[in-house]
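What follows is a pair of complexes built around subunit A, which joins subunit B in one and subunit C in the other.
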Partner chain A sequence: MLQVVLFNLTNGLIVGAFYVLMALGLSLIINLSNVVNFAHGNFLAIGGYFAYTLTPYVGFWGALVISPILTALMGVAIEQLMIKHVYMRNHIYSLLLTFGLGFILQDTCRYLWGPSPLPLGIPDSLSSPITPDLFFITWYRVFMVAVVVVAVSGLFAFLKYTRVGIRIRAGTLDLDTVAALGVNVAGLRSMNFAVGSYLAGLAGVLAAGQVGLNPNMGDELIMPSFIAIIVGGVGSLTGTLLGGLLIGVAAAVTTVFWPSASEAVIYVIMALVLLLRPRGLLGEEGMLS
Partner chain B sequence: MVTNLGLVSTGRRRLIKAGAAIGGLQLASPFIIKARGETPIKIGWIDPITGSLSLLAVSEVEGAKWTVDQINKKGGILGRPVELLVEDSANDSGTGVQKAHKLIERDNVDVIMGDVNSAIAYAIMGVTAEKGIFHIVPGGHTDPITGADCKWNTFRTCNTTAMDASAVTGELVKKFGKRWFFITPDYAYGKTLQANFVKRLQALGGEFQSDFLPIASSDFSATLIKAKAYKPDVLLNNMGGSAQINCMKQFVQFGMNKDMALGGALFEMEAIRSVPKDAQTGWWTLEWYWNQPDVPEVKAFVDAISPAIGGRKPTARHWMAYVSIHAFRLAAEKAKSLKGIDLAKSLADMELPRDVSLMPGKVYYRGGDHQLMSDIYVGEVHPAEGDPDNLFTTKALVTGEAAAGSVESTGCKMVWPS
Partner chain C sequence: MTTSLFARYRTTAVVWILLLTAPFWLTMLGGYTALAGRVVVFALAAMSFNMLLGFTGIMSFGHAAFFGLGAYGCGLFLKYVMASTLLAILAGVLLGGILGTLFGLLLVRRRGVYFAMVTIAFGQVCFYVAYKWDDFTGGYDGLRGFARAPIWLGSWKLDLAGNANAFYYFVLALFAIATALQAFILRSPFGRSLLAIRENERRARFLGIPVERHIWLSFSISCYFTALAGALYALLNNFTDPLSLNYIMSGNIVMITVMGGMRAFWGPLAGAVLFVMLQDYISSMTVNWMFFVGLAFVLVVLFFPRGLMGILQKRSGA
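Take a look at the complex of A and B:
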């Protein structure tokens, strides 16, 4: 039993790392633009479908590079056409807009690629377990965690050391002051949306390699992202990191003792955090309101 | 003035004559039949076109559309064209019930068919029973639909979970062993399916461990770790739709296919096509299969429907839709009525002709519980051999009656309206 629990702790960290990648893009967009992007999961699915289409021409590695970029470009186009018009309005507008957008993107996937699940082939070198004993750690999962580590480190470095990143962080705290200092806020938001969509696209390619593609996959993956953000604390990317890992481990360990509650447990954690510490584990006071 | 009066007088006479003529025509039956012929018979179809079972639902809807099209080309039902109204239950019981109300109360459908999701099919039964509307469940497997909660107006085309479990348990024990691990969806279908498997496994002296998981699970790594630790002879993947596919993929990625056999009640063609070759394995049941050389009607059906579904071979889901709609047609033509009670009495115990059943054995909706007694195909799933859809080899054919047991054993006590 101890071995099963330990294996599941490790497994939970792997799954949690993936939640982190999904949630970080969403968190970036919420933090700067106050847009609760319900279509984020569908951006993820689109990223996976782009990879499926590109793989025969550029291979898995080429698709891994190009698909997130295409997703980011699509994200910026949608932001310019639709989302920027609701920035100054009540949250409910952006919520309803992205909620509807999610359905449109899902049906677009169904129309273009069909309703049947599609496989995304991964290199043979990644498809086997690292050892017979650690059968649940495949090289693909190791690679996935490595990509998450690189992406998260890169994102944190980008936000800390680049001019645009510093402006995004400043805008998260006080957008009016940033605007008063002459920063092009509209451009900043577009750039931020592009980075968020890029991360969604990257997560989509990685998810497709693991579980394949179907038009509903965004719906299945979006809720853990929201919960990771709420548990970690709205406004805190480090909190999102912590929240993603926490719910990943919680779901995996719960499966050992009470499998049917493995999904519910992450909602219980969210409810407890909201009751006991409404700003989230590392969130700042007032961000949730 | 005289002219005017004359015109008025002529008009009045014409009006009276026309009225009499129309009245006379109303009494003449050929006119009535012709007028009815212009009013379509409406079939309300509810399935989860979105959600984790959409893969199966889409096949059912494809089959339904094609079947209605074929029936209309041959003159419809009772001389009237047939109209198919499809609604998406979105894999949610509340939505399914809402759509049933809409189809019955607003669209005035003559029959309801649905749902792939057992829980939704079960919920819709409450609506159709209350309204007295004829209802066929093409593909929702949970037992109470034609068991303890059977209704006079509801018939089911797919098997019960008890039938599927009964058909394959013996083969799995004989070939692989008695120590099993179940991965089962935590809802009506999964619960009854596992209960039926466990009953039969324990009767053969077997032991088991199981995980009930949320129906739309996408990651199975945690439960597969438990399964491996249990060291079972057979892993039974009872999940459905995209969840079953994801589970199979991870099972193969973890190399567990080298340690244990795979099997279960249903590994539907839609799912078999979607998994890697390594996961196209195990002993399962199919409720219908396209490759039946001994039944010439099957080949005719396959050849006819394939061009309409992208050149692929039809699956059991296409067959379920085909049989359900033709059963409704046969019941209506026998009863010469569309009233729920007449249709139900007409269909009970009616043997389906071979060009409808598309099976070698005697196939009929059993009067005692309204469950279709159809043949069950037990066999082995394998990577494609020759034809890309040749993914299954039938090893045994079990009759519906042998798998279902008696009506009494299902718990159904049919109550007809007085």
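Take a look at the complex of A and C:
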């Protein structure tokens, strides 16, 4: 029993870490640009597929570095080509646009890499369990959590200490004033979009190493990411972090006792949050409403 | 003003002539009557959704929930309770409508993207319930084992089960009643105040319009009609599955509405024609039909945000 609980708890933390990576990227873009990127899950898939194509040439480690950067570049290209044209319009258009974009990207993956699942090879040193007793905790899982911790800390340091990061935070609160102070808001939004896409790409590489690749792999992660944002509170990245971990662990613990409710429980949490504290755990009143 | 009134009736007349004669010209063009049924059902779902999006200015991305609840309500009633088509439709409408009304209470204070995200999440809850509750809903494989029953009016039998045309006209009759009600609601003072909320919520509030209550009512009404469309969809296929509740279905309803034109009453009908055609023809030619549907949708959003009807109206107006 203890092993079962431990197994599900570690699972929950890992799944939660994924939600966090996805949701932080989404959250960044929502906060600054008011765009809910429906195609974010497809960015994740593409990050994974880039890694699949790159691994034979640069190895897993090289792919882990390069493919999130490629995903970020692709994100900026898409932002410049399509998404920036709807910034000035009612924000429902961005939702519509990225929904259509998700269709396009998913079928592009299916066309380029085929519809059947593909494995992403990981180094042997990562695929062994840490101890025979805890056979379900491979070094890869430890490694994933470590990467997520580094990435999240890096993101928060970036937002706190760099000039661009400070401007992004300021823009979240009051974009008009930031623009009036002479900041290039269009550039800032692109930069921000790049960071968000980078996180999606990184999550994609990590996920591909764990569960393999398929064209609609992002679909399962996009909804929990939305929930993580709603539970944590729109406008607060710390809230998103908390929300992602909370729903990941809650879903995993539910699996122990009532497996068929494991997907539904995160929605129940969301409903409770909306009933008792509509702005989310750490959200600010009035964001996006 | 008189010309626009004339134009409105002209559109309505053209729409009804085409719909009423669909079984005749569709088979001549190589289609089949069930295709027309699908267009009408999707059009009803999208027009109901458009009361909210186009006429109240509120974006729900979870309308598949109410569509699917209508379908499941109807199917489950036929399977477990009794073989009465009309009562089954009523059961579907009530299931989707009442849950929508209750859920609406949770969301009236949310706006914009937040509203959309919360409605998506509600849709996914319904999706997972239908997906996991194998014994009752059939789970992933969908709900089977029910069929539309003939309706007896005295001794006269309306053969919904065997006669495709009879079923099409039955659906069309319900569509007519529903859209007439929608038009009536949208033209009433209540409907006008919804437009006021869409155009400027703050000003509407200053004028004393109870904005929250109106949005809630608009959402609820929209849910009842969408559930009706869902119930008819279940009858159309004699089948329903969890995908009818999924957010992709919500997205389809949104795409139909936006491609057709969300500011025009008949816009979603035009969108439904386009969508069903695209899906039917492109999926017969290539497996990558999602690419083309997505591309068409992206182009509409970027360049023709008023959709097909917007293009037509601009032409006739200029």
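The rule we apply is simple: the second predicted complex is superposed on the first by the 282 of 289 C-alpha atoms of A that agree within 3 Å, B and C clash if a C-alpha of one lies under 4 Å from a C-alpha of the other, contacts with A are read in each partner's own complex, and residues count from 1 in each chain.
Keep this in mind: a residue touches a chain if its C-beta (ideal position, glycine included) is under 8 Å from a C-beta of that chain, and two chains touch if they have at least 3 such contacts.
On a predicted model such as this, the values are computed, not experimentally measured, just so you know.
Novice: Check subunit A with both subunit B and subunit C modelled on it and let me know: fit or clash.
Specialist: After superposition on subunit A, which the two structures share, subunit B runs into subunit C.
Novice: Let me test your reading of the model: by the given contact rule, A:N214 touches which partner, first (subunit B), second (subunit C), both or neither?
Specialist: So A:N214 only meets subunit B here.
Novice: With the two structures laid over each other on chain A, which partner does A:H85 touch: subunit B (first), subunit C (second), both, or neither?
Specialist: second
Novice: Output check: A:G100 vs subunit B and subunit C. Expected answer is one of first, second, both, neither. What do you get?
Specialist: After superposition on chain A, A:G100 lies in contact with subunit C alone.
Novice: Would you sort A:E263 into first (subunit B), second (subunit C), both or neither based on which partner it touches?
Specialist: So A:E263 meets both subunit B and subunit C here.
Novice: Quick check on the superposed pair: does A:I30 touch subunit B, subunit C, both, or neither? Answer first, second, both or neither.
Specialist: The second partner, subunit C, only.
Novice: In the superposed arrangement, does A:S116 touch subunit B (first), subunit C (second), both or neither?
Specialist: The first partner, subunit B, only.
Novice: Could you look at A:M223 and tell me whether it touches subunit B, subunit C, both or neither (first, second, both, neither)?
Specialist: The answer is second: A:M223 touches subunit C but not subunit B.
Novice: Touch test for A:L21: subunit B only (first), subunit C only (second), both, or neither?
Specialist: Neither partner.
Novice: Which of these subunit C stretches, 20-28, 74-82, 236-244 or 254-262, gets into subunit B when the structures are overlaid?
Specialist: 236-244
Novice: Output the subunit A positions appearing in both contact lists, the one against subunit B and the one against subunit C.
Specialist: 106, 115, 260, 263.
Novice: Which bits of subunit B are touching subunit A when the two form their complex?
Specialist: Touching subunit A from subunit B are residues 49-52, 54-55, 58, 186, 211-214, 216-219, 221-226, 228-229, 242, 245-246, 249-250, 253-256, 270, 273-276.
Novice: Over in the complex, which subunit C residues touch subunit A? Could you list them?
Specialist: Interface residues on subunit C, with respect to subunit A: 53, 59, 61, 106-107, 109-118, 120-122, 124-125, 128-129, 132, 247, 251, 254-255, 258, 287-291, 293-295, 297-298, 301-302, 305.
Novice: Provide the residue numbers of subunit A that touch subunit C in the complex, in ascending order.
Specialist: For subunit A paired with subunit C, touching residues are 30, 34, 36, 82, 85-86, 89, 91-97, 99-104, 106-108, 110-111, 115, 223, 226-227, 229-230, 234, 260-261, 263-264, 267-268, 270-271, 274-275, 278, 287-289.
Novice: So in the complex, which bits of subunit A are touching subunit B?
Specialist: 3-4, 7-8, 11-12, 14-15, 106, 115-119, 127-129, 132, 135-136, 138, 140, 210-212, 214-217, 219-221, 251-252, 255-256, 259-260, 262-263
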